[in-house]
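Two complexes are shown next, each including chain A; its partner changes from chain B in the first to chain C in the second.
Entry: the complex of A and B
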């Protein structure tokens, strides 16, 4: 019987209550460990299509008569359009339409950052559209630009009310502590830089808008467009069969989609609006910079008694106040914790969620501070973490937590530090560091799937989700194959079209597998029960092979449907892990080389160990870039982005990859759904920066407190360590 | 517009395209060979890599009319053993950079059938993968003949 319930839903640390219709879910979890298909390495079902260049991305969509749009963007960090004349653009060859401020969502008169969209043109070719955009005549009124986040906080310029939280009495605990450490950590802005830029192709078919878009959330795009255009949701069809990466930046439609929709309406032709790489750097989101002023106090026995953090997120002109304080509040058992998190509104490009937003930055600060505390207490950093293990999330029980097991498995890697340090030779100093990982990743409802089985004994999973490159098709096929007792090559997955499948989860917040997997299993189980009933009527055993049971069906089909149930009430669903990193630092040049990363993660049941290892490697490599080389630079005078190319903005290449060892605890979360799986997209990037910085301290005695750890930053930290040593305090740990 | 004679994957084409047209755009828009991707359009990422007479070339910053030699795109390499190697090793995540990776790798193994890890890293450093598939790419190239 369908049951209406109210349940909590979490995406990237933001909770909301939602209504949900659930059916009684009779499925018990499978036993732990590898099964027939689930838990065993599987090649990606769509790998050949992608490798051979056959997969059709939004960038490859070519509709008859399609026009190309280009967008006029503000050159000023803060300005207002006083006068705009589109006529010179409309007079140019090939131009079919032009729109200005207020004529599409996202085109605004007040530009809050350099790169804000103001106007747009559609033309026969992209080159013509760009030429026309350059011809638009604009008079700007320059407004005061606020670029300093600390000053924005002083003036009370926020994108949301500051978030304050305190448990216990932090001041008293700090006063009574045997050891107190205090430090300021700073993280930079980094760019998602998915290989496929943000883009959409919009086409009106009668009164229905078809949107081909590179997105992480088909259904969110559908809703936002319907809301913005005043359309019923079913009059917006959203298609995303293959997409070239998102990392959190493609959760919503944004101005390029609204521009394409409006220009398509005005011209009666399909319109593509694709961001260029420079636009990707100025106008497509970023991980916001943070300033973290932190204190920690402990007793001499290693008990952490106080944690205190003031966090400033330099959000940009708009965006949300990411949970940078989360790790400080959740990672350790500590009675006295006080945090305040400011979302400073500054005239810089707006942030967007980027792979564990807030927690990547907050873990860098916290886990470096914990190592500084360990040094002051003369306690082993791994031991200090174990001593302060949290058994609940501020009083709420965990649905499952195997961080202690991660620490146990990390110990042999940690033990290598004596041998690694001994490798130091001349200017090259070697060291080992570690950091813990905490993040969400439990997924949630609603999410639905259908399973269709024909008389040929082949099954098709149908759901309007997206595969953002994480191997979703494969994981879903594995789950269905397991439940149906079919080999993997007899199961296909059809996804990527809101008109051709039921509602599916966002692919963000490490939620795809934990949200969609249980729905797919439920749908497959529904189909399997029908097949078993048929088997019985044919005088076959209930567990007879599917193809044998259905072979007389001809055109008849078995249709199963499944829904994702709620998360366990009154429990915290979180992911955990630990990284142990080995580095080499040239103390003369400041060069840092990450040599080895051992990653142990606790994310419940692993569906596809092969794909899971790729997620971990990818997260670590992105984390190495974040830690050592990537930085969006702004001109401090004008607020303009200086790093607008992939030459200036330095992402890791294959030559920068360390040795990576990847291990999973692989224990199903017994309280979480019929699957017991959590998400893995984000966890591997969370501890990387802190573990590298802690390894650098181990190697050199220098405290690096600012990202990226460029050579300049490394040399500055080494010089500070030498000054500290001259003052009598030993620099080396 | 100006006549362009181009041999692509063994097939000869006579086209009429504007002077200054980029090779990547001609391949994708005139010939429908969309396996060649454009990710930065300024020669920094390698997604658009094709071969000209077996040598990797960044097609997004190559003038179509300036091409002297036979062009091979990913469509011409679909039967290459590297395709299976990339699949087997999970050397693909979102897949947008992957055709360019395969084209570069095919040029590498043609010149050097048993490249070392160092040689792979040297030859492939111009192909950016934001998903970080690199360890699996290295594995695929090391084992391409298995």
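Entry: the complex of A and C
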């Protein structure tokens, strides 16, 4: 029965109170551990299509008569368009339409960053559109550009009100502590760099707008476009069958979609608007830089008594104030915690959610600080973490938490540090570091799925969700196959089209599996119950094989429907884990090699161990880039992005990938849905930077407090450690 | 734009020369190189290794597996770019590549582009020069050039013969070029000097597919001379002064605030390269 509830909805650590109609979730969970299909490694159902190049991504969409759009972007970090003349662009060959500020959502007169969209052109070819954009005549009024986040905070320039929280009395606890550590950590801006750039193809079919888009949220795009264009939602059809990655940057439609829609309307033809790689680096979002001024105090017995953090997110021209303070508030049992988080508005490209926004940055600061505290207390870092284990989330019970089990399984990897350190030879110093993981990932309602079974005994799962490349298509098929007692190859999944299925969750905040999986299972269970009823009427056992029961259906079909039930009330649904990292550092040249990462994660039931380990490997590789080599650099004079190419912006190559060992606790969360699964998209990147930095300290005694740990930062930290040692203070090993 | 495919040196008549295309095509696409006429010189430039002579059209991919060439050159090729790029790019073209300075690549009106300031000196310069950087702080990106300079190699062009280091010049107020090659002059062959031992060491931001932050090539020629040449430290491949003791050769460095880290790095690599020569 449907039920109206008032509940907290969480996405990427942002909570809002909403009214939701939810359906009961009466199914009991499957027993823990591998089942027939669920919990067993399954190869991706769409692997052959992908490998053969048959999978159609948005980048592959070519409609008859399609035009190509290019976008004029501000060269100034802060400026206003005084005058704009589109006529020179319209006069060029192949040009079909041009629009300026105010003529499509996202094209604005005031440019708040270098790269902000101002105008756009549609032409027969992309080259013609690009040439036409260059011909647009603009007069700019330059405005003052604010690039320094600390100065923005001093002047009160925020994208949202500062967020302040305090429990206990931090100043008193610090004054009474036996040991206090204080340090400033800084993280850089990194770019999502999904393989497929942000793009959309828009086509008007009668009064309906068809939108082919590379997106993480088909239904969010549908609503935002309907709102912006004043259309009923059913007059917007959104299609995304295959998707080349998003990492949080493709949760909403953005200017390229609105440009394509408007130009399609004006020309009566389909229009494609695809960002180039340089535009991707200037205008498609980023992980915002942070400055974290942190203090921690502890008693000599290792009890952490105070945590204090001032966090500045350099948000950019727009964006939200990510929960960088989250790990400090949630990871450890500590009575006195005070945090303030500033979202500084600066004239740099706007942030967008990037794989555990805030928590990646905040975990780097916190988990390095904890190791500095362990060194000062002379307590083993793993022991210190166990000593301060949190049994509740600021008083709210966890729906499940197996971090202690993660620590237990991490211990053998941690024990290796003695033999690893002993490998140090000449300039190469070896060491081991660890860091804990905390993040959301419980998903939530609403989400729906249908299951259709015909007389051939094959099942089709139908839901208008997206598979953003994580393999959820396969996981959903596994869940349906398990519930229907069918082999995996007898289940198909139809997804990726708002016109061909019910509402489905956003694929962000590690929520796809925990949001969609229970709906798919409920739909399959609905179909199974109908089949069992038919079996009974045919004199067959209720659990007779599906194909035996349905073979006389002819044109009749079994249709199951299912909905995602509510999250447990009064409970905190979170994911946990720990990474143990081994590094080698060449102390003469500053080279850092990450040699081995052992990752143990607690995310409830694992649906597909193969897909899950892919997520962990991908998160670790992306984390290695974030930690060691990636940085978006700006020209300090103009605020323009300098690293606009994949040559200047350095992501890890396959040669940079460490040995990765991946383990899952794999215990269903007994309070969470009929599945007991949490999400895994984000957790594996969360502890990477801190674990690497802690391993570097273990190897060299150098405190690396700034990302990326390039050779420049490594050599600086080594020199600082040598100076500290010469002054008589022992290096922190 | 027209594309010509001559089959002999005699047919050459102006235009922008194109071999593997890994450098020229991006520069043309970005508008940094104006070319009304592209000349595909693959039919003109020799390729392959014959004793001490290397055809300028030989790809880096061929050289990295060629046992007859000295270690420094082979290693410089192996550590350059990616396998795909090395399979396309010619050794002659590699010597002619432009700096990776982001200001230059993004078309800022810098001194190399004829302007009157070096944006990198005042701006973001973490991977720029530590030597000869007063006028222009760009860093030369070619591993192969540093290796060939250390090896005492010579070039034969359509017009002359010269030492590899003579291919380069520091830009100045009156002449912004970093190369001495004239318009229409084409590199045809390289000639290696006899060498006893050689080595190339390279520091990158990641393990592969990166231009050198610092590259150090060292060679002991058969007459006993030791030559050291560096990539990524000056606007051109940098031959260290043979008179100074190797340990002091970098004392003359004039790093910028954010290139100071390159000095101890270069010193360490020089020390290791000399040790490796034995």
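One rule holds in what follows: the second predicted complex is superposed on the first by the 731 of 733 C-alpha atoms of A that agree within 3 Å, B and C clash if a C-alpha of one lies under 4 Å from a C-alpha of the other, contacts with A are read in each partner's own complex, and residues count from 1 in each chain.
The working rule: a contact is a pair of C-beta atoms (placed from the backbone, for glycine too) under 8 Å apart; a residue touches a chain by one contact, two chains touch by 3 or more.
Remember, it's a predicted structure, so these values are computed and weren't measured experimentally.
Trainee: On the superposed three-chain arrangement, identify whether chain B or chain C touches more chain A residues.
Mentor: So, of the two partners, B touches more residues of chain A.
Trainee: If you stack the two complexes on chain A, which partner ends up touching A:712: first (chain B), second (chain C), both, or neither?
Mentor: second
Trainee: For A:242, decide between first (touching chain B), second (touching chain C), both and neither.
Mentor: After superposition on chain A, A:242 lies in contact with chain B alone.
Trainee: Just chain B (first), just chain C (second), both, or neither: which does A:51 touch?
Mentor: A:51: touches chain B, not chain C.
Trainee: Now for A:43: first (chain B), second (chain C), both, or neither, which partner does it touch?
Mentor: first
Trainee: With both complexes superposed on chain A, which partner does A:620 reach: first (chain B), second (chain C), both or neither?
Mentor: The first partner, chain B, only.
Trainee: Taking the superposition on A as described, I'd like to know which of chain B and chain C A:653 touches: first, second, both or neither.
Mentor: Both: A:653 reaches chain B and chain C.
Trainee: Thinking of the overlay built on chain A, is A:509 touched by chain B (first), by chain C (second), by both, or by neither?
Mentor: Neither partner.
Trainee: According to the stated criteria, A:628 is in contact with first (chain B), second (chain C), both, or neither; which is it?
Mentor: Only chain C; A:628 stays clear of chain B.
Trainee: Classify the contacts of A:637 with the two partner chains as first (chain B alone), second (chain C alone), both, or neither.
Mentor: second
Trainee: From the superposed pair, tell me which chain A residues show up as contacts to chain B and also as contacts to chain C.
Mentor: 645, 647, 652-653, 655
Trainee: Which chain A residues qualify as touching chain B in the complex?
Mentor: 43-44, 46-57, 59-60, 62, 192-197, 242-245, 247, 276-277, 468-471, 610-611, 613-614, 617-622, 645-647, 651-655, 657, 660
Trainee: Residues of chain B touching chain A in their complex?
Mentor: Going by the criterion above, the answer is residues 28-29, 32, 34-42, 44-45, 47, 73-75, 78, 83, 86-88, 90-99, 102, 120-122, 124-138.
Trainee: Quick one: in the complex, what on chain C touches chain A?
Mentor: By the definition above, chain C touches chain A via 82, 100, 102-103, 105-106, 119, 122-124, 126, 203, 205-211, 213, 258, 261, 264-265, 268-269.
Trainee: Mind listing the chain A positions that touch chain C in their complex?
Mentor: 427, 588-591, 593, 628-629, 633-637, 640, 642-645, 647-648, 650, 652-653, 655-656, 710-712, 715-716
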